[in-house]
Amino acid sequence: MTALPRKVEAGTATDVADIVIAGGGVGKTFGGGAVVALEDASFNIPKGSFVSLVGPSGCGKSTLLRLIAGLIERSSGSLTVHGREVSGPHADVGMMFQRATLLDWRTAVENVLLPTEIHRKPTAEDRSRAVELLKMVGLKDFVFSFPSQLSGGMQQRVALARLLQTGADILLLDEPFGALDEFTRERLNLELMRIVAEVGATTLFVTHNIGEAIFLADKVMVMTPRPGRLARMVDVPFARPRRPELQQTPEFNALVAEVRDILGTH
Amino acid sequence: MTALPRKVEAGTATDVADIVIAGGGVGKTFGGGAVVALEDASFNIPKGSFVSLVGPSGCGKSTLLRLIAGLIERSSGSLTVHGREVSGPHADVGMMFQRATLLDWRTAVENVLLPTEIHRKPTAEDRSRAVELLKMVGLKDFVFSFPSQLSGGMQQRVALARLLQTGADILLLDEPFGALDEFTRERLNLELMRIVAEVGATTLFVTHNIGEAIFLADKVMVMTPRPGRLARMVDVPFARPRRPELQQTPEFNALVAEVRDILGTH
Amino acid sequence: MVVLTSSTREQDHGTRRGAGSFFHAAAFHPIVRHFAIFAVLIGAWEIGARTGTIDPLVLPAPSAIAEAMWRLFVTQRNIWWHLLVTIGEVLAGFTAGSILGIGLAIVVGLNPMVRKLLKPYVIVLEATPRIAIGPLIIAALGFGWSSKITIVMLVCFFAPFINTLSGMLSVNEGAYELFRSLRANKWQIFTKLMLLDAMPVIMAGLRLAMASALSGALVAEFISASEGMGVLLKRYTASLNMASAFGCLLTLTALGFAIYRTMEAVGNRIVFWRHAPQMDAVSRRRQAQWQRNWGA
Amino acid sequence: QDVTTVNVIMPLPRSAHFYPLIVGEALGYFEDEGVEVNLLPSSTTIPYVAFVQNQQADLAMLDPSETFAAVSAGADVKVVYEVMQNAPEGIAVSADSPVANVSELKGTTVGLVSDRDRNTLGIALGTADLTIDDVTTVVVGEAGPTLANAFKTQSVSAIAGAVPDWLALQANGMQIKMITPEEVSQTPANSFVISASRIDELREPIQGFLRAWSKAMHVAEIDPDAVAEMSKAAVPEEWENEEFGRQFLDASIPMNVSSTERAGDLQPEIWSAIQPRMVAVGALQAEVDPATFLDNSFIEFANDWDAETVKADVKAWKDANQ
Amino acid sequence: MSTVQQTGATDQATFRLFSIATTLLLHLSIFAALIAMWEGVIAAGLVNEFLLPRPSRIAAAIGKLYLFDRTIYWHFAITMYEAVAGFAIGAAVGIALAVSSALNDTFRRYVAPYAIVLNVTPGLALTPIVIAWFGFGWGSKIALAAIISFFPIFVNTLAGLTQSDADRLEMFRSLGASRFQIFWKLRIPDALPVALAGLKIGMTTALIGAVVAEFAQATEGVGVLMQRYSFSLDMAAAIATLLSMSLMGLILFSIMELVDDRVVFWRRDARMAVISRKRAAAFARENPGLQTNNKHNAGGRQ
C-alpha cells in the first residue's frame, strides 16, 4: 500500500494485486487550465468492492468517472485499471451516464442489446437476458417502446439495464437513480447489489443520496467542491447481504450523519 | 367546491375565484389509447399555494405538468387555468423541464435571459437580475460558460435560474433538483421558497424526495403507478416561513412516513 | 464546420496522440503533402497529354493550360472583365437564391398548411431543368443582368431550402417544448431556436448553393450573354482553343474553391458551439462585451 | 443625332464568323446610320422567332430550317436580307475517309450536329434513293471538342451539318471532305428576319443597319488584312493562335460575302427549289410561296452606297491604326 | 413534433379524411386559379404564344403526346433511366466518399478538396469532356448526372455523419465499440435525416444533369424531344415535354420523400407505433420462448 496524500484512507489493507483501479494524483483541467475540474486525486479501489462517490454538484465526479473509463485524458497524475495505465476506452468497464443517452431509433430492448451487439451477434440467450433485465427494472410493458415514448425515469432504467447487459466487471454509474422515486430506487438498489455480488464486479457509484451511498457501498469516497478533490474515504462496516431495514438502525444513521458532516465542512 | 372523485381532497375550502388550476377528470392516453399515462385526475390548486407532486416513475407526473402548461392536449376531462380552459401554451405559466434543455449556443446568462428576450428587449435590470439568479444558484464563476462546459447539476441550476427569470406567477417544476447534492438542494429549496413567497406564485413541484416534497409544500399530491391517478392530496400543516430544522421534528417525520405509506400501498 | 471536424468531446481525448512523429515531421507538413499529391496528379496528366494518351482536344496538357492562363491573366489580360461580370452574377444570384431558399423554407417550415400547398410547386420548379426554363426567364425579364441573376438564383435556392427545412423540422424536441412553454411566437422559435439548431445543416446547404451558383451563372451565360466567363468559354470552345478554354474553366474552379473554403471557415465561426477551443474564445468575448455594455 | 438601338439575336457572340458586325463597328458605319447594335448572342430552347414577336429582338438571324419552321408555324415574320448565302448545309466526312458519296452511307452511323440536321441528311439521302431509316443517326452536338472528337475517332461515318459547324475544325488543321449531293448544296441562306407587324416602325433603323452591314461585308473584298486587324482588336480570343485566326477568318469571308449581285439580295427560286424535297422527307407540311415571307424592300437601301468611299474609309482606318 | 392531436379514433379518422379533402380542394383551387390566370394573360395577348402557349393548347399537346403519338414514353423512360442510373452511381460514390472521409481523417483531408473542386467546376462546362470520354450514348448522360448529383449527397452525408451527439459518442466509446461499430450503430442512424435531405437534392440534380447532357448532345430523351418540338415551333408540345420533365422530377422526389418518411421513422410519431408493433412481432417470432407484452404494440386495443 502506498501512502496516499490528503488524508484519503486507502481502504483496508489489500494485496496490491487486488487493486483494480488506482489513481495517483490524478488531475483534470478544462479550457487550457482555466477550469480545474479535478485536482490531485489519489485512491485505490480493490477488486469486487463497491465504492460510492459523493460530493457537491460540479465537483468533478462525472469527470473522474470519465477519466477512469478512458473517455477523456487526464491532465496530470497516473491512473491504472487492472494495473495498466488508462489511455483510452478499455474493455471490462461498463459505464452508465448521467444522461440516459438512449438511441432514438431503437426500442428499449434493442437499446439494452446494444453492448452485446458491439461484441458479437446476440444469441437467443442474450435476448432473453435483455428482456429479463427490462422486467427487473420494471419495464415489462415497455420492452418495445421507443425512448421518446418513455418517461424520464423509465429511460434511466433502460440505461441501467443496458449497463448490466454489458457484463463488464468494472461498473461506473453516474447518478443512475436520480430520476427515480424512493420505492423504485430502493428496489433497484437491492437488485443492483444482488447482481454486483453475483458477478463480483467492482463498482463506482455516484449519487447525491448519502443514505443510498452508504447502504450500497463498502467505502464512500467524499469529494470537496471545486476545485474537486478527494476529501475522505469512509469505510462502511455493515455486513452483507444488507437488508433495507439496515437503514433504520442508529449505526447507519450515525454514518450518514458523519458523511454529511464531512460534506458540510468542506 | 365541486365534489371530487377518487378520494382526492380538494384542499382547504377556498373561494372558487381563488382556484388557479382546476382539473376535472383529466385523462391522457398515448399511441391511440394504447398507453394510459394519466387517468381521471381531478384537483384544485388555490392561488399562491405550493403543491408537491410525488409518485412512482412513469405514473404521469411530467404528463400532468405538460398538460397544465398546454404543451400537449388532454384526451378527456376539463382543465382550467385562471378559469380558462387550457387549449395551448398560455401566459403566466413558467415550466422547468425534467431535462435541462439549455441552448448550446448561449452562455449560461444568455440562457437565463431567454424568457425575457421572448417578450421584450432585455433591460439592464433584466440582465443584472439574470446574473443575480445565477449567483443565487451558485454559478457565480460560470455566468459565461456554455452548457457543454457545465456539469449535470450545474445545467439544472441554470434551468432553475431561467425559470425564475420568467417571473411567471404559476411555476411548474419537473424534478428540478434531481441532479443536486443534498446541501445545494437544501439551499435551493430555501431560495425557491423565499422567491415563491415573495412573488406569491402558485407552484407545482414534482420530486421523488418525499422530505423535500413536504418541506416545501402546502399540499402533497400523491399519484398511483400506471395507469396514473391521483391517490391523495395530503395537507402539510407546518407554518411558514419554514426553517431546515423542521425536518428533524417528529411531526415532520410522521408526515414523511404517512406519504411513504400512501405511496407504498398503491 | 460540421463536415470537416469531429465532435468536441472526441477531440478532447487525443486518441491520435501516439500516431507517431513520422507523419508530423517537417517534411510531411500537410501543405507539403498536399502539394506532392497535386504535383503527382499534374505530372501524370502532363505525361498522358504528351504521349498522346489524352487527346489534347478533349483535355489539353497542364503546361498548355498554364501558358494559356498566363496569357489570359498577364499578357493579354482579356479575362479580367469577364471574370468580374461572372463573379458579380454569382454573388448577386447566390445572395438572392439563399435568401429565397431560406426565406421560403421559413415560410413553409413555420406553417404546415403553406407547406402542403407550396411544396409541390417548389419541387416542380427545382425538378425542371434551369437550362430549359432559362429562356422563359429571359423572355420575361429581358436579356440584361436581371435575367441572369434570376437564373442563378433559381439554380441555387433549392439546397438551402431543403436543408433549412429539414433542419427546422428535426429541431430538438425538448428545446421546442421549452419555447412553446415560454409562449414564444413562431418567428422567435425560428430565430432563437430552429435557425441555430439547424445552422450546421443550413451552412452545408449554403455551400452546396455556392457551388451550383457558379454552374448557374455559366448556364445563364451560355443561354444568352455577350460578356462573362461563359461567353469566353464558349468562344474558346467554338474555336477549339481548348487550352484557353480550360484556363477559363480552372479559373472558375479556383474561384469556386476559394469561395467554398471561405464559407466553410465562416461556417466554423458561426457554429462555434461545436468546437471546444472556439467556445472558450467566444465565452471570453461575450464576457468582455457584457462587462463593457452593462458593467460587471 | 438620335441613336436607335437595334437588338439583334444571333447564335454567337462577336466573332470573325460574322465579321461584318465587327468591321461595321470599327469603321463607325452603324453610328453613321444612327444605329447602335445590341447583340444578343443566345442559344435557347425557345426559338428566336418568339423574341422577335415579343419585341425583345428587332432582328433575328435564322438558319433556313428555322426560317421554314417559323413560316410553316404561321409566325408573321419577313426575311429581309440573306446574310450567309454561301453557308450551305451538307454532309462532311474526314478527308481520309473512304466514303465518296451519300449512297455509301447506307447501314452506317451518321452524326448530326443537331437534331434539326436530320432534314439535311434526309434530303441528301433522298437523292440516292435512301431514307433516313437506312442509316443510324446519332446527334454529336455543336460543342467544338465533341464534334472534333467524332471526326478524329471516326466514330461516325459522316456528319450532317452546315459549313460553320466545321469551320473551327478546318482552321485547326483537320481535313474535311464534303460529299453533299449537287442538288442539296444549293440551300437557302442564313437570313435576317423581322416581325411583319413592325416593318414600318423598324424600317428606318433596320435599313441603316443593313446598309452598314453590307458596306462592312464589302471591306473583306477590298482588304482582308484590315478585317483581320479589326477582328483581332475586337475579339482577341480568336487570335491567340495567329494561324488559327487567319484560317478562321479566311473561311468565314466567303460565307459572308454575298454571291448575289446586290448584297444580301433575296433569291426566291432557291427558297422554292428546296421545298419539294423538304415536303418529301416530312420536314415541311406543304410548300409555301416564298413571296409570303420574303420582303425585298430593304435591299435597295442596303445597297445604296459607294465602293470607293468604303475603300477610302479602310485606308483612313489603316492609317490611323498602324 | 410529438404533440399530435389526440382525439377518439373515429374522430381522428373523420378529421383526417376531412383534412385530406380540404387540402385537396385547396390544391385544386390554387392550381385552377394559376391556370386560369395564365390562360387569361395569353388570351389578353400580354404574352406571345411562341413563348408560352396557353394552357388549353398545352393540355391538348399533352393529350396528343401521351395518348395519340405515344412516342414520349420511350424518351421519358430513357431520361428517367439516365437520371436514376446517374443518381445511383452518384449516391454510391458520394456516400462511399463521405463514409471514408468520416472514418478516416487523412482520407478526408486529401480527398475532400478534390471532391469540392469537381463540384465547383460547372457541370455544363464538363459536358464536352464527359461526352468525349463516355460516348454519344446513354453513358455520357449517366456520367454527367452522376458527377453533378454526387456532391450534395457527399456534403450532406458527411455533415450528418459528423454531427453525432457527444454524450452518445462517449457511451459508445465506453462500450469499447470499434470505429466501425460507432459508425454503423450511431453515426449512420444519426446521419440519416440529413443524408436523406442530400439524397433528395441529389435526385433532382441527377435529373438536371441528364437533361443538360441531353441538351448538349443526345439522340433520344425528353431533352431532345423538347428541342425538337421547339425547333419546329410546336411550343405547346415543347412545354408539354418540359412539364413531363417536371413531372419526372416530382415522381423521383416523391419517392425520396417516401423513403425519408419510412427510414427516419423515429421522428414521426405515427410511424413509431407501427414500427414498435412490427419489431415486437419479429422479436416474438425469433424468440418463441420469450414472454413479452408491450403497451405500445397493443395499438388496436380500443
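Note that the chains take the letters A, B, C, D and E in the order they are written out, and that residue 1 is the start of every chain.
Just so we're on the same page, a residue touches a chain if its C-beta (ideal position, glycine included) is under 8 Å from a C-beta of that chain, and two chains touch if they have at least 3 such contacts.
Keep in mind the model is a prediction, meaning the values are calculated, not measured.
Student: State which chains count as neighbours of chain A and simultaneously of chain D.
Tutor: Correct list: C, E.
Student: Using the touch definition from the top, list the chains contacting both chain B and chain D.
Tutor: Joint contacts, listed by label: C, E.
Student: Which one of the chains is farthest from chain B, going by Cα centres?
Tutor: Of all chains, D has its centre farthest from that of chain B.
Student: Averaging each chain's C-alpha atoms to get its centre, pick out the one most distant from chain A.
Tutor: Result for the farthest chain: D.
Student: Please work out which of B-E and C-D is bridged by more C-beta pairs in contact, and write that pair.
Tutor: Higher contact count goes to C-D.
Student: Express in whole angstrom the distance between the two chain centres, defined as the mean CA positions of chain D and chain E.
Tutor: 43
Student: Between chain A and chain E, what distance separates the C-alpha centroids? Give it in angstrom.
Tutor: Chain centres of chain A and chain E, defined by C-alpha means, are spaced 47 Å apart.
Student: Could you tell me the distance, in whole angstrom, between the mean C-alpha positions of chain A and chain B?
Tutor: It comes to 29 Å between the two C-alpha centres.
Student: Residues of chain C touching 2+ other chains?
Tutor: 8-9, 55, 57-58, 131-132, 136, 139, 173, 222, 237
Student: Got the chain A residues that touch at least 2 other chains?
Tutor: Touching at least two other chains: 31, 70-71, 99, 141, 148-149.
Student: Of all residues in chain D, which are in touch with two or more distinct other chains?
Tutor: Touching at least two other chains: 45-46, 50, 54, 143-145, 149.
Student: Return all touching chain pairs.
Tutor: A-B, A-C, A-E, B-C, B-E, C-D, C-E, D-E
Student: Hey, which residues of chain C end up touching chain E in the complex?
Tutor: For this pair, the touching residues of chain C are 2-10, 16, 30, 33-34, 37, 55, 57-59, 116-117, 120, 123-124, 126-133, 136, 139, 158-159, 162-163, 166, 169-170, 173, 176, 200-201, 204, 207-208, 210-211, 214-215, 218-219, 222, 233, 237, 249, 252-253, 255-257, 259-261, 274.
Student: So in the complex, the part of chain A that touches chain C is made up of which residues?
Tutor: Interface residues on chain A, with respect to chain C: 31-32, 34, 70-73, 88, 148.
Student: Considering only the defined contacts, which chain C positions touch chain B in the complex?
Tutor: 8, 172, 174-175, 177-184, 188, 192-193, 196, 199, 272-273, 279, 282-284, 286-287, 290, 294
Student: Quick check: in the complex, which residue numbers of chain C touch chain D?
Tutor: The touching residues are 55, 57-58, 68, 71, 76, 78, 131-132, 134-136, 138-139, 142-143, 222-226, 231-232, 234-242, 244.
Student: Can you tell me which positions in chain E touch chain D when the two form their complex?
Tutor: Going by the criterion above, the answer is residues 47-48, 50-51, 127-129, 131-132, 135-137, 215-219, 224, 226-228, 230-235, 238.
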